[in-house]
Structure formats: C-alpha cells, structure tokens
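By written order: A, B, C and D. Residues from 1 in each chain.
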Amino acid sequence: MHEGLILKITCPDKPGLVSRIATHVSAFQANLVEFKQFIERERGVFYARLEIDTASLEIPVDDFIASFDPLGREIEADWHFRRLPYRMRTAVLVTKTDHCLNEILWRTGLGEMPVEITSIIGNRDDCREIAENAGIPFHYIELGEDKEGGFRKIETLLEAQEVQLVVLARFMQIMPKWMCEKYQGRMINIHHSFLPAFIGANPYRQAYERGVKLIGATCHYVTGELDGGPIIEQEVERVQHHHSVRDLVRLGRDCERAALAKGIRYHVHDRTIIDADRAIVFPD
Amino acid sequence: MHEGLILKITCPDKPGLVSRIATHVSAFQANLVEFKQFIERERGVFYARLEIDTASLEIPVDDFIASFDPLGREIEADWHFRRLPYRMRTAVLVTKTDHCLNEILWRTGLGEMPVEITSIIGNRDDCREIAENAGIPFHYIELGEDKEGGFRKIETLLEAQEVQLVVLARFMQIMPKWMCEKYQGRMINIHHSFLPAFIGANPYRQAYERGVKLIGATCHYVTGELDGGPIIEQEVERVQHHHSVRDLVRLGRDCERAALAKGIRYHVHDRTIIDADRAIVFPD
Amino acid sequence: MHEGLILKITCPDKPGLVSRIATHVSAFQANLVEFKQFIERERGVFYARLEIDTASLEIPVDDFIASFDPLGREIEADWHFRRLPYRMRTAVLVTKTDHCLNEILWRTGLGEMPVEITSIIGNRDDCREIAENAGIPFHYIELGEDKEGGFRKIETLLEAQEVQLVVLARFMQIMPKWMCEKYQGRMINIHHSFLPAFIGANPYRQAYERGVKLIGATCHYVTGELDGGPIIEQEVERVQHHHSVRDLVRLGRDCERAALAKGIRYHVHDRTIIDADRAIVFPD
Amino acid sequence: MHEGLILKITCPDKPGLVSRIATHVSAFQANLVEFKQFIERERGVFYARLEIDTASLEIPVDDFIASFDPLGREIEADWHFRRLPYRMRTAVLVTKTDHCLNEILWRTGLGEMPVEITSIIGNRDDCREIAENAGIPFHYIELGEDKEGGFRKIETLLEAQEVQLVVLARFMQIMPKWMCEKYQGRMINIHHSFLPAFIGANPYRQAYERGVKLIGATCHYVTGELDGGPIIEQEVERVQHHHSVRDLVRLGRDCERAALAKGIRYHVHDRTIIDADRAIVFPD
C-alpha cells in the first residue's frame, strides 16, 4: 500500500468493537485492507491494527482522521493514525561494533524499512567511515567523565533533528533514566543474549561459562530497568561445547542483526503496541 | 472458548466486508472473540475466520446461523459455521509405522485436538495393539490383489461411521482418484519430505543421495495429484554428511509427527481455507 | 555397530595424544570406527570419544580393556570403556504429566535408545496405566510429610534394581542433596524453560509475564544447585503475544519431549563428558 | 591457530588409518590440534581433516609436507595441505542484486573469512559503487550477444589474478560447461531455493504458487548440471499464505546471505571435501 493510513487502537474490551471500528472506516468509503486484533482476556483489553487504503476516501484524509475522535473517546481508546507513505526519522547510536549499523543501513537502502536516518551518533569514532560512506552525518559525542553532559548533547541533537525513533545499535552505555522516560516506546535496544538470561555485561562470556547450547539476542524497548523493557523480537543460534567465547561473539552477531532488524521493522510499520511490560507484535 | 461458533468465509473482495460481517455478528449480541482476515490481491479474494462467543446471543444459535444466509449470498460467499464444542469424527489410516498414529493418540488424549477417532484402519496388522490399548476399534483391510475392493471396504466403513476427516498417518498406498475427490479438503496426508522435493517413494533415500543439509516433512490435503495437494504445514531438521539413510528416517520421524499434528490441529480448529492449489492457514 | 567398545577419555592436553591412543587401539587389530576429540584451550584439557569395532580384535575384549591401563595412567586420564551391545538400566521418575514418559517409552520401543527401563516411580499415581500398558513395573512412593523417608525408599529401589541412570521426567520434586551427589553424572532432568532463564517454579507463567518471543526447555545433569547442572541439550519454540500461559504449556511440551529425548540419547550413547559445570556433547 | 597446516585426506577405508596418520604428524613434533574423520560405510571411504600446529615442528614445514608423500601414496589417498595463515584469492561474480556481495564484504572485513577479494565482476554495472567503496576493482563484462566471448574475458581475468575461488553471488547467468569443469570444486553458487525443489528460474514465484510453508536457499558447488552440484549449506525461513512473491524475495535474501556466507566459510577453511555428488562438511 503506497497511500493510506495505519490505525492502532488499545481500549477496554467490549462486544461490538470490530463492527463499530470497521463500520466507521467504511462509512467514508475508505477500504480496510488489513485488520488485526487481539483480546487480552486476563485484563480485558482489546488491541487492533488496521491498514486503510484511502484512495477511494470521500473526504480529506485529515477530516477522516478527525472523524474518529468521538468514537475513540466513546470506547475509551488510546489510538494513533499514521499517514502513509512516510519515513520515520531515526537516530542510530553506536559505540564500536558496526554490524547492527550496517544491517540497518543495508535494509534501509533496499527500502525494506521506511526509515530516514537523520544521524549516527557514536561515543567512539569507529563507525564514522561507514556513516560517511552512506552519506549520513556522524556525530562523535564523548561520554567520558561528564557523562551526563554528553547525554544532554545527544538529547539536544535528537531534538534539533526531530527524531522519532532512537536505535541503540550495540551502544555500550546505560541510558540515563530521564532519556528512557522521554523516549519511552520510541527507543529500541539490541541486547546480546536471550533475555532474561544473562542480563548486563559480557553475556557471551556468561553463556560460555553456563555451557548453554543455544545463544540468542533480544530486541526490546528501553525502559528504566536494565535490559528489562518489553521484548519485540528474539533470535537464537545453536552452539556447541567447542565454541569459544570469541565464536559465540561471532555467531551472536547474526542473531543481533536479525533480531534488531525485525524489531525496527515491526516498530516503524506500527506493528507493535506496548502493553505494560509486554509488546503486542502483529508480525508481517 | 467452550460454547460458540467458528465462521469461515471466502468471497470476492470488495470494500466494507469486515464492517458488514462484523456488524451482522454484533446485531444479535454475539461477541466476536477473534477476527482473522486475508485479502489475496492477485485474484481479489477475501478470506476470513471468526470466533464468535454465543453466550450473550439473543436468538437461538440455529436462527443466528440461518440469519447469515442473505448476507452470505449477497457477498457471493462460500461460508461455513461450526458449532462448538464439537469433536471431529476422524479415521486414521496406517500401514506399518506407528509414530504418527501414536502422536495423534497422545495429543487427542491430552485434549490438544478436538478429535474423536472413530477407527484405525490398517492394510497391515502392525498397529492393532496400539489401537486396542487406546480403546479404539482397529480394522484390518487387505489391499493386495483386489486393491479396488479393499478401498471400497474402507469407504463403506468411513460412511458407516460418518467420518468427517481421514488422516493418512504414513499410509503407504496411493489413494484412488474417486476417494480423493470424495474427501477433497477432508483427507490429510503426511509426506516424508520437504515437498515439492522428493515426490514419491523413498524420499529419505533420495535426500541422502542428493546430499541435502536439511530434511523435512509436509502435511497436505490429498488431491488426485501425487503429493501435490495444498500444503498445510512443513517441518525441517538439519542433517549432516554422516547421517545414513537410516538416520534420516529416524530424524525425519520427528518432522513427520510435528507437521502432521499441526496440520490436523489447524484443520479441526477450522484454521485452514483451501484456495485452489494453496492452503490459507490462520495459525494459533 | 553391534559389537564393540566405546572409550571416553579426559586428560591433560599434550602433543601426541591422538597418535598414542589410536596406535594403542590398532595394535591389537581393533578397528577405530569413529574418533571425536576436543581440546579445551583455556585449561588445557583433552577430551575424546572412540567407537571401536572389536570383530577383528586379536585378544579377548577384557584383555584389550585391561591393556589400556598403563597408557591411561601415563597420560593421567580419566577413562571409561563401554561394551556394546548393552542397554542402560534406567529408572524414570514422574509426578503427574506423562508426555516425557511417553516419549521415552516410544523411543525405547523403537530401539532409538539402548535403554532398559527397570521401573517407573511416581509420587502420584497418574502414570500407572501408561507404565502397565508398557509392561513396566510402576511404584507409587509417597513424598508427603516424611519426604526424606520417601526418597530413602526410592533409593532402596534404585539400588535393588542396579539402576545406572535416573531420569526425572517432569518429576516435580527437588532431589535431596545426598541423592544428587550419589547419582552425579547419572541423573538427568528436564527443566521447562530455556535455562538459565526462569529457574524454579512456574517457568511458563514467568515467561508469559516477561513477554518472551521464544520459550524453551533444558535437559541437564542434576547437581545440588537447583536447575544449575551441566546442560546437555536445549530446545526452543517461537511464541507470540496471543499465547496464554496454557498455550505456552502446550507448546513447551514439544520442547521438553525433544530436549529430554536427545539428552538421554547422548548420555546412553556415551556422547557426553562432564567438564566441571559444562557438558561436552559429541552429537550424532 | 595463526601458523600451521590444514591437511585433508580422502582414501579407501582400512584399519589403522587414524593411528598411522596421527603418528606421522607426531613424529616430527607437530601438534595435532583438531582431528575430524568420517567413514562412508556404503563405499568404504575414509575422510579426514587435521589442524596441525607447527610451532614446535622439528623440521621445515615444506619438508614436513613432503614427508607425507610415502604414507599418502601407500594408503592410496588424495590429500591436500594448506599453510596457514593464508587468504584465498577470490573473485565474486554479480549481476544486479547486492545483498550477497555486501555480506561477503562485511564478513571479510571483520576477518570472519580468510578471503582476499581480487575483483568483483558484473555483467551489469549495478554493484560498481559498492565495490569501489570497498576499494576492490570492479570489472564490467558484457554477456549479451557474444556470451561465449564474455565468459572468455572473465576467464582471462581470473587467470591473470590467479583466482582460487569463484563465488557466484546471485550471478544470473548459466556458466558454460568448460568453466564448470575448469573450476570444479572451486566455484560456489547460491541458489534461491531449497534444492532440489524449484530448480531454475524464478524459484520464489514457483514457491509462492506451490504454497510452501518454508522457503530456502542452497549454497552448492557448481557442476555442469544446473543447480545440481554438491550442497554445502542450506537455510530455510518460515512463510505464510499472506506473503506475496515480493515478500518471499525479501525473506529469501536472509536465507541466501546466511547460506552463502557459511558455504564460503566452510570452503575457505578447508572444511569441505567433495564426495562424488555430495559434500562432506566438517562444520565449526
């Protein structure tokens, strides 16, 4: 779909929601192309994601969006419209390793993900060349003694560029709480383990010492709790006793790339809805 | 959901279908619990599966079912209602190996699949003990010189038992065309290869000789074309050069069990819709 | 291989080990059918597993085994010969759920695993019928108020039956320390999570609440540390937000069956060597 | 291991081979670091791969290599020594899509694969920029009307650069028979299907129409038979009914990248031995 809308809805479950929502969409001759819904029974919450083709819409798209207000309020919903086509303004934060950054650049270049990378920000200079080859501004920001000041600089940059999504692509720093809060639901991290196993530093060393037979990577939203936010995607790879920590690092890179790329893809296509500590994901 | 309805719909795609269908369900205070739909764009076909809770339905369930007729005809749909709870009357056809039969019995016993096994039919006697241990009648039917007569006997038995689903659980016989036609969309086979690779006999020997690095199994609806019907599920397992044909047979059993069990599960939960040569599957 | 020997060796690494060991085997015209070795570099340990065909052996097998002593001592090895064919005398401990027990019985029946099940011991009576159908004695042993006394009874039974392997097939009791020690390296558990995530009780509930996208099962040797012993095998299955805890339990069963079956298989084929907290596994 | 030798051996199986080979290595104080062997029983063939640390070797490495000749001849072996460190001189042939090329460049840059890319050759100009960004000469060679002449030019280039390995990284041309023969065992292709399913053109379209539930990619040695050479590695990805051909292309790219990268890795680390129509692969 090239022109249209994505509508995400979260509201208390009650009978007739699908009918009411779909009927509203149809009333103005918009065409419902994809309808995904899920009812969380324990707490009685209704989640839905709609893809709407607006080619045959009888009223202006903005009016159509506004027309949803009464219904949205009546069903006590949180809802969000996204106009297509769009590209999400995204900053990528890196430290030293570049495989996750490379993957994002490659997929973005292919048009797999509607992402516009506004900047690549590093607390080391290692990824500068890759950024510049891709024609994207690279910002080196020191996070040494005045770490707080460094994060303020990052924040200023993100603000100036109107960044909608922050991707921590093997960014080896713990984000300050105020940034986690500000970018809640808009900051994605890749952790190099199969969470909740091996939280924190050196997960591959931990995995080696525990002698696991599968290693993994986890893409999740960042919250104030270390490696504790809602999980979007996880990948695993089989390993054996003869794999050294270095081998695990090598094999893990493929998990990290894959999990992060899928996680970003789901987010920018509005296929995720955060549900307290969990992420609803309607995969494509 | 313990009491309710499953509704499957196939019709030409047009705007407003979700609204009209959902609104019809809501009109009588039935509660739409799950709504899955898919639009096949190339040919413009709309597919949907609805789970409907009828606890609060204001009219008798049969009247509700009947009330769908005018809408169904208007949208030119093929549709099908299933009343829950139900158990699908199923016959399992076997020859010698018993792992697929065992798997079905085990999952049925656990309540994983709403299946009532009416009979186990073998053209050898090998599975008799398993059947009898499970308290299910075993019928030995010879398929030797008078093969056609044997299949007629099987058919008579299926008719007498009002069988709704026929499962070929490593039944090593090619079904006659008239049975394929009669049980179209109601006869499921497990083929011991990753179709369309290795059609026909001895697929593990074929796989060994080709030196593949993954073997598989395919659960599909039976049609008149050998190993050619719509695929419901496929599983694969990694293999290496040191695996003999016998090892492949052993490893393949796990693929066969898993693919067949999932295939049956999807079918009896009305999660499949046959779309010409392909199967739409709304997995759970 | 129907007649022969398996030799497992652990010793300090030094040059020439493969040559010396293989030459010893060849000296008496035994035929080395499979040679697997691994050198753990960090601590300098050499591990090997040999399959030896003794059909052409020039001396009695017992003499051949004895002839290894001087070499074994010289290279400061722990080593172990296993004469084939053999079947490992195995007790299976169960509580309520039977899927792991079923899997073991099925694979043993097929000859996939050289295991002789001496008894099935339950602290509930739920699995009695399955045991009796399989023609294996079932022992109900209460583990209520006098839990220690119950475990003593189990131990007496294992002793009387000369059990070589104890399998905890979803046995929902923590083993006493003295049993863990006595059966070190000979007691295998299946834990229903992807360890080290979700140690302890209700791992599927824990997994649900954490919102993981993959669930798993872990087969490991039992040590005094809860869910902390050397890992033999792990399996995972992909899950989504719509899976309830009950769905996770259902999907997890397949992981549990597969991981436990492989773990037992590796153990009884002498494909595992315990290396402190980790298990070396030479898979087939 | 930074300095040393890889030795690959294929010979008729007979008792004592491991002993004789390992003893020869030890005789000159070389240290056997890894020993992998496999006996193909049906035809009685012995395959082995040895990693030898030559740091403590008492004679020059060349003399050590030469010293193997009498033993090699006596056991009627094909054998091959590789001196480490080395980087395999590799040409990559491309047409339009660049994801496989990108993957090779990325992994080579990381040092994951000891490959020196001598040139990137395209029958279109699409990959020129990527090649030049990576600092590798790009050669455009037309394969239009005078196709045979074009392949002669490629061959001249490969000769001039003393290329040891030719990688067809989504090179959409059928290689002429004489090139297949000349580069037998040294030319690797990635086919975008799970061979032997969907040989030839448009495999994703074929897969879509057959309605498979898993798509795949196959890395194999090129022989004169189209998509028929020994398979080194295969990858699969799960798909569903709602995936269009375009989605399959997108998802398949990840299979292709992964299978090709592993295939090249195994080849350049001398972990493959071609055994008639199959490839023995000792994975790491």
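Before moving on, here are some points about what is shown:
In this section, a contact is a pair of C-beta atoms (placed from the backbone, for glycine too) under 8 Å apart; a residue touches a chain by one contact, two chains touch by 3 or more.
The shown structure was predicted, so the numbers you read here are calculated from the model rather than taken from an experiment.
Counting C-beta pairs in contact across A-B and across A-C gives the higher total for A-C.
Using mean Cα coordinates as chain centres, the one most removed from subunit A is C. Separation between the centroids of subunit A and subunit C, computed from CA atoms only, is 41 Å.
If you average the CA atoms of subunit A and of subunit B, the two centres end up 37 Å from each other.
In subunit D, the residues that touch at least two other chains are 242. If you sketch which chains touch which, every chain touches every other chain without exception. On the subunit C side of its complex with subunit B, the touching residues are 99, 102, 106, 110, 112, 133, 242, 247, 250, 254, 258, 284.
On the subunit B side of its complex with subunit D, the touching residues are 38, 41, 194-198, 209-214, 216, 230-234, 236, 240-242, 244, 275, 277-281, 283. Those residues of subunit A that touch subunit B in the complex are listed here as 15-20, 22-23, 25-26, 29-37, 39, 56.
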